[in-house]
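Quick one: the structure is below, questions incoming.
Chain nomenclature is as follows: A, B, C and D, assigned in order of appearance, with residue numbering initiated at 1 for each chain independently.
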Amino acid sequence: MNADLRAMASRIRPGMRVALPVDYAGVSMAMTRPMIAHGAGDLHLICVPTGGLQVDQLVGAGLVRTVETSAVSLGEAGGAPRFNQAVKDGTIRLRDATCPAIHAGLMAAQKGSPFMPMRGLIGTDVLRHRDDWQVIDNPFAGGGDPVVLIPAIHPDVAIFHAPMADRSGNVWIGRRRELAAMAYASAETLVTVERIVEHNLLADEATAAGTLPALYVTAVAEAPRGAWPYGLWGEYATDTDELLRYARAARTAEGFAKYMAGEASA
Amino acid sequence: MNADLRAMASRIRPGMRVALPVDYAGVSMAMTRPMIAHGAGDLHLICVPTGGLQVDQLVGAGLVRTVETSAVSLGEAGGAPRFNQAVKDGTIRLRDATCPAIHAGLMAAQKGSPFMPMRGLIGTDVLRHRDDWQVIDNPFAGGGDPVVLIPAIHPDVAIFHAPMADRSGNVWIGRRRELAAMAYASAETLVTVERIVEHNLLADEATAAGTLPALYVTAVAEAPRGAWPYGLWGEYATDTDELLRYARAARTAEGFAKYMAGEASA
Amino acid sequence: MTAILPRETLIFTIARLLDGVKLVAVGAASPVPAAGAMLRRALDDGRRTVRLSVLGSVEHNFFTNGSAELFDCAGQGRLDAFFLGGGQIDGQANVNLVGVGDYPQTQVRWPGSFGSAYLYFTVPKVILFREEHTPRVLVEKVDFISAPGVSPPGVYRPGGPVALLTSKGLFRFDSGRPGFTLESVHPGHDAAEIAAATGFAYETPAIVPETPLPDPATLTLLRGRVLDELAETYPAFAAEWRRDLAALAA
Amino acid sequence: MTAILPRETLIFTIARLLDGVKLVAVGAASPVPAAGAMLRRALDDGRRTVRLSVLGSVEHNFFTNGSAELFDCAGQGRLDAFFLGGGQIDGQANVNLVGVGDYPQTQVRWPGSFGSAYLYFTVPKVILFREEHTPRVLVEKVDFISAPGVSPPGVYRPGGPVALLTSKGLFRFDSGRPGFTLESVHPGHDAAEIAAATGFAYETPAIVPETPLPDPATLTLLRGRVLDELAETYPAFAAEWRRDLAALAA
């Protein structure tokens, strides 16, 4: 196992709030096994705004106490087997949300605001089960007009995969700006990349436009095809066969353990 | 005068709320004279988050009823003469703000939220003079902890200048994301550009990262050196001599009129 | 008369429901709604710009501000139409995307509410699309409200459901009543079959018309341009459609 | 002993005040604060990363999220130090960037509050820097509070003023009292001159020390690397500095 990845995983401590991106935005699958090997558990996962294979594997490995998310699934490969089993068994705590509420909580942290107001949600069971959210009457309306306040989400660490970084630690995220939003909101940000480039990504306006500055980046490690079996935009497509292989294997705890014990190979 | 610019200016109707960017972000100076020629007045200018030459000229031309801003100045060329005179004469209504409050109001509109909370401001005369802002106790604190709520700012039209657009109306704004924020919040967006390119800016991830999609763009017109005498990042520098020439001329209403009657030349 | 495939009826129905929209978004694994939006775009060509965003797609996604931009668009009032499925849908148009049984320890867990708890409130034209038409899906009362069909007065609600489309028929939703009315049945189905397959009460007119089918010009567009466009994003779905067309012709 | 230019004293003082910071931002037309930050960065080279953002600069601005990013950074607690000037500054460290006279129809109008009404609250180390040291600027009570020096208990206030630096001397600010204490006077000035030039009350120790001057190594850094770096963004300021150095040497 890559020493850089192990070193990055060792920054994770039990009980941390860990922000992870949606399937198509750049999941650092390369960090999943190092995280499991490191073993820091009791994690509070924050899916930005939904989770997939990585969440399922971390849950399956027993590292997760809480999942805060708008959804968890394997997409075309169906439901997330270890997550669904854990829900049934009551072994994880659910913080069901809706996509823009996750974005709103991160935005509040980005802005240094205690909360963000959000439309929708009134009358949903999503809201009913969130005792950490509040409803107030919009102070700008004449009266009535309930609006939900989402408190700031402050992850301890954000983890994602991107196409490239430079030697200064600037990371090119392109138009996947939720990765920047995660980093702004988080105390630390760990990034794996396809490749490290020698030129400064901020040196010209064209690449600067899609670059997350090093200010927000705690550590970077090279991990070619590090999103696999997920795809990475502009780089490679999702390996749906592998997702299906996982989905079949992970129907049982034994199958999951066997799958995870196998060597990951692209 | 360029017919495209005249056509764009003719979309502006009296009393509209007009969002304009900060000096260094891409001011469409090319639109200033067409706006004055068109003559729609009683405008409510929203400076994102501060104003300069364009604001001063629109005020000098008598088109402005209200200026909502964190500051107005000519930068190195000193105070904004027509704006300052109008303040002294009481001929414009001031909505003094602070930079992040302008951003917060636009963000509320971007998110479709009625308001955004913002730290700071408590105890300032900025807040004291804004009867459209509200203070509530943070509902997530045990009690006390006042926080200011900034209502959504919904401009009728945003106007700015950018390096390039494509034939579909996508506009490359690079890392000047306040231009996107203005467009998201505004009902219409009018853009002048240095050049129109033949390739689709969304076709590759590199340029897509810095592109405002055509969805938000009402009209685009070519206007080479359209920010002059301001500069445009990555293209040309500010013409400080011209700003100084304006600052001297516009000390008096007569000098301003004479300056504006002169032909603009790069 | 040309034979029409069931999925072509669904796609054409969606295109009809989308009449007048400027921006429509569809989920990642939603080939039928995507095809409906593509047909709408093709039908409106030269008269009106119809923009389509397929979530999670690199090709058919013009957003450049991350996954929050879709929701921002909805909040700005720029998103005219969206589709929701649902593990359960009830007669009040409440949608359940979370699970069956007592939350949180549901015995069946579905992925989760995604953006429904926001988009259902803010998108003017939400089309409920679920092919499975059984009492298991169309229930009297959902176990978990991911998003409610209607809201009490005073709640900000510019959006909501307009219709429910299944493999058997099309219902219109009346938010005033509130409730569904059976609008039409697809070829090969009838009102009695639908009544037996629906777990919630709804209104049925004296005579239930058949769901309109595409005319030859529309069918040409559908099997030509739309099928070609669709194949870029949903190759497996397009290939199956082409096989079924070949079988029809044989 | 080498002669030191007054602006070199100011720059060195700013560098001292910035000891320990990781991220500092300076306004667009602020060569002295920028030079102070550049000197701090040079002094800390190899020991600690000091990041500097010059607002409005293309070269010295690593932000990529528009002009809101600076304020977001401050809100996140990532911005350690910032500079504020002020048309008026009073003994409570209140800052007025708006105008003289009754608002809104002030008889003198300055540009406006910029980000002060936020950054003064959120940036731990705000350095008040105003070269003009006269009773006109340093007043008993500002006409308009763009940003207050202190806040009542219960108001969220992780940031605030730590010092006031002028062409004549350096004051420290004590938010507990609240008020300024004269910490040092620059070469060529004395406590009595400062008392006459200051419109607000402040504390003065029995013996007021002279503002520390850069040692030869620091001076070499200042006149070499820092001056070179500064010239990229502030060519006019750097050229004048070089002319003054040449005159010193003559």
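Going forward, a contact is a pair of C-beta atoms (placed from the backbone, for glycine too) under 8 Å apart; a residue touches a chain by one contact, two chains touch by 3 or more.
Only a predicted model underlies this, so the values are computations on that prediction, with no experimental measurement involved.
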Neighbouring chains common to chain A and chain C, by label: B
Pair exhibiting more inter-chain C-beta contacts, B-D or A-D: B-D
Farthest-lying chain, centroid of Cα atoms versus that of chain A: D
Centre-to-centre distance between chain D and chain B (centres being mean Cα positions), rounded to whole Å: 29
Centre-of-Cα separation between chain D and chain C, whole angstrom: 60
Interchain centroid distance [CA atoms averaged], chain B/chain C, Å: 40
Set of chain D residues in contact with two or more other chains: 58, 63-65, 71, 75, 122
Overlap residues in chain A, where contacts from two or more other chains coincide: 100, 107, 111-113, 118-119, 145, 147, 175, 180, 205, 208-211, 233-234
Chains that touch, pairwise: A-B, A-C, A-D, B-C, B-D
Chain D partner contacts - residues on chain A that touch it in the complex: 109-113, 170, 180, 184-185, 202, 205, 208-215
Residue ranges of chain B touching chain D (in the complex, touch as defined): 22-25, 48-50, 69-73, 75-76, 79-80, 83-84, 87-90, 93-94, 96-101, 103, 107, 118-127, 129, 144-147, 175-181, 233-234
Touching residues (chain side chain A, partner chain B) in the complex: 100, 104, 107, 111-119, 134, 136, 138-141, 145, 147, 149, 151, 173-175, 204-211, 233-234
Residues of chain D touching chain B in the complex: 28-29, 56, 58, 63-68, 71, 75, 97-99, 103-107, 109-122, 144-148, 151-152, 154-156
Contact footprint of chain A on chain D as seen in their complex: 23, 51, 58, 62-65, 71-78, 122
